[in-house]
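What follows is a group of structures, each given as structure tokens.
In the two complexes below, chain A is the common chain; its partner is chain B in one and chain C in the other.
And then the complex of A and B:
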């Protein structure tokens, strides 16, 4: 595969020894709903790591410069900025509360000293500017140092304010608010490779925005049927191609992916490519449709592949082959016999995300019991790791975990029935160039790095 | 039989989920409810397609067992008795309000302690093999299942008007008592069961149908209720109490969901439509004409349909 990804990145997956690096968040057993992390995203350089939570807050971590005296210790991520991105709102017309939960964060490529990111809740997308201020002006004429206005008549001389250094302050300010464009719940946003436009997708529609224009957007996909009773599928995720600014994909609740080319028509209801794997009739059950619903779709960095996540598996698709995926990785196949229970406790509706490593040689996704899985595509090996406080000693290696599916349980294995389904890892992120991963476990953010062997 | 119980249980759970979704923060989630409706449809198919002779055994005023689902008359739930043409499709004469076959059958299952396993708590586990068999069976045209229609107990006593029943005493006692086991698996949906009002009710239901989503009654909305069309069916004190309790819940359910979701009703065995409706969909008036379809067995969807209804 073309190594268009983060050049020089060592192969991910099992060749590495993953070690605990940091954990962020409260240790308290009682987790406040608002603190539950709902999205995790590295920026383009990997120096910044943003998380959004159910309370509408965004916390940005910045990687410290590496310590020259200890060249082998990687930079740590420390809090850089925290701000309230979205507040709960109420739609009076429909008598609906709009949740403030941050569904997605996407960084914009950095173009100047400031950082920009898009954050969205169910209805509104906001462009935030995060900038540093380390100087301030002193010596104003019309106001004194406390900010009180001076009486103009008392001023006898004029002076030029001078800039004096101050403690670093990181400010986040909303630069654009893209509102009132979505009737249904926004599930995805994706910045285009042209760095000028982005798309936002809800259950039935996808809109194309220009970053500078907030009062209108183009609707490029609309799958709402004329008669809502004929609805059979919804859009579950959408993403722009990493290099071709006219191409995007969207996945559906029926397990299909459509690739659209915006050059072909203004309204991309007709796909250019249609990816679907034929269903295996022998595995049909009441819940076949639910588990085939795609919860996440991600292009590889190279742009040649895309990965989809459904309830039980991760599939890698070659964009040139629509008939079936080129790889299928089972995440937790042992859950297939438990689907009824998972339906009852709503776990079957969990939307797991997935991510590529910088070189596209490995993919990662989350599971239950705070387990997450990595698949090395080249070596065709996979590993299950756990994000837990018990394994949180500095630079402690993570031990591979194993789920016992039946028969005798070996030592260190955990049986399926012992899995904690309340501890789910839905959001993970991989540093764009290095082997650093961020794993969100409910209200805690774990950061793991590879140990240089 | 096992998978039938499983299907029944899944149906109950699904209804409960839809009911609960109403109160969730952030509004009703279209995606999740669409998936739940798909499961409902699948479970319903399995439930209906499996001819199970033991359904109506034992127990109290239960109609003699019928092979397959009783073909209930057109769902009265939409407020109007089905047009005569639709009714003609049924082998047995039906008197309104008629109970959809599905719920009736289920109800019969629940009500029959003697039925193997019916009185027991529904098996929680997956019966993979049987479920799969049932699954394949679901593909068989449901007309076969519908052939066994004419269950005299066909849900006359199931009250399609959830809200209505809640607010006016329903003269018709619930037919066939739900075995506790049937309800225990999903307490919430169980409460949603509603008795079918006696034939005298349709008029009121009809009025309700025109009232818009909030008042749309759920035809035969009580899947767990035994199909009873005999108004004098002794309900028993406990049954009546249970009825009222469930009535209250279903009333809320109905009023919450309003109308429209007739996609389930119209769904044909070969291909179906899922129903889900987003917030912006306006209330769809329940049209009896839409509900009645050629396949009598589809009418049993009514209980689900109204319950599942619009968002």
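And then the complex of A and C:
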């Protein structure tokens, strides 16, 4: 039964002790590009955990049921299904290579025995049905057990086929393909609370789809200027409000968020609310706009707040206040004095995601060196943890990590110059109700749990 | 008037120097400008956006591509090909083989 020791929505990230639970993926030093994880998402119940990778593949893990004979495997995630969602394509007309990398996966709320998810690459969104088969019919009249057709003239008696149990087989089949609606690269998909529609956003446009209809899509936001020379910002992320099916937000590369209401007009080019933090003009630099670009936007479960991630910080906004965020959490402020090299090696363009815990009391985001950060909003404390193979003994506690910025480095601290910028944690996910987190570190997926279990 | 200008200039210079000391970001900007003096007059503007919008652009011959694809038909999904900077005559290129045309926005040091 899901109610874990801590209750439905345990408190935030810090009074808990986080422990290693599992790690998935190869240990090889040589990482194949296709194996790099590009998205991680729990479903609504938290029983399923989906990952997408650069090779266009989706792997779904399922949480094991509680089993008295194997108490330690309770809560373990094991492979449930895996399939090739997208393949590499080439657009001959535009000489454009279309990567098969899965940019986002979003689950649909479960309505029957099957599970449905949307997965998207740069151009095409697909609806996948994942269903179980654990019975098969035996005793057909017209064919043998091995499938060969029987000669109808030889049949002298009729029998009724019976259903016999078989080994569980999980099948994934593409039920809808939503194609040809995006000229630019799709960065977000979001299922609406009406469970009938969803939005897909690319750099310049946002489209509204009905889950049943693949040959039509409504454009609801279009920021493409008539003259592309005048282009100043692009859409970086978009999401539907968790409860109000007419409301969605989208963020921009200039650090602004626009909230739109689909009731006000068919084309939501004019926002209902505009969220922007005022900038001190004297502190403006070459890097200001680049590091203000929002890489992810997520509504809180309550729907009262939203969180944005820019290069150096996580900001929490109250939807009722457009003038500035209510909270700003520094993720890795020590990088501000490294911006020149981070620009040269392109790391300044890395797109980090962020997520809320089930009760909205804590938020989490990734950083470099396989570090990730958790902020407890109530206790106003934060912690830095690391996803590493060295710390992967079962139920081993994670020790808080610290980056040393000044001169004297204490024992156990790591200096900014020693950070490995190739080890980036861009994708993290938090179980909807329990303190279980999934952290993608390049080609490995780490699962951590709190110590109560 | 001509007496004012040098004073104003040195006040500005002084502020700039102060900025470099107090703001790490401005110090980093100065570093970048020192390395790449011709870097964009419009910082963070359309250059980045155009690079982003053009991701994936490649040029190829559809005949070559289809022939190579037919050859590869029964193999697994191609893994990341080793870096091939040259396409020689006896090799049929596929999009994966073409040299990555990653336009760099930072001007080459050779270009001064």
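Note that in this section the second predicted complex is superposed on the first by the 428 of 453 C-alpha atoms of A that agree within 3 Å, B and C clash if a C-alpha of one lies under 4 Å from a C-alpha of the other, contacts with A are read in each partner's own complex, and residues count from 1 in each chain.
Just so we're on the same page, a contact is a pair of C-beta atoms (placed from the backbone, for glycine too) under 8 Å apart; a residue touches a chain by one contact, two chains touch by 3 or more.
Since the model is a prediction, treat every value here as computed from it, not as a measurement.
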item: Clash-or-fit label for the pair chain B, chain C on chain A; value: clash
item: Partner chain(s) touched by A:289 [first = chain B, second = chain C, both, neither]; value: both
item: Touching partner for A:381 - first (chain B), second (chain C), both, neither; value: neither
item: Contacts of A:185 with chain B and chain C, given as first, second, both or neither; value: both
item: Contacts of A:96 with chain B and chain C, given as first, second, both or neither; value: both
item: Which superposed partner A:195 touches (first chain B, second chain C, both, neither); value: neither
item: Chain B/chain C common contact set on chain A; value: 94, 96-99, 122, 184-185, 203-204, 228-229, 231-234, 253, 282, 285-290, 337-340, 343-344, 349
item: In the complex with chain A, residue positions of chain B that touch it; value: 6-7, 10, 13, 17, 25-27, 29-32, 34-35, 38-39, 42-43, 46, 124-126, 128, 131-132, 135, 260-263, 266, 273-281, 284
item: For the chain A and chain C complex, residues of the former touching the latter; value: 32-34, 55-56, 84, 87-88, 90, 92, 94-99, 122, 184-185, 203-204, 228-229, 231-234, 253, 282-283, 285-290, 336-340, 343-344, 349
item: Of all residues in chain A, those that touch chain B in their complex; value: 94, 96-99, 101, 122, 183-185, 187, 203-204, 224, 228-234, 236, 253, 282, 284-290, 293, 337-341, 343-344, 346, 349
item: Complex contact set, residues of chain C against chain A; value: 19, 23-29, 31-33, 35, 39, 43-46, 48-50, 52-53, 55-60, 62, 65, 77-80, 95-96, 106
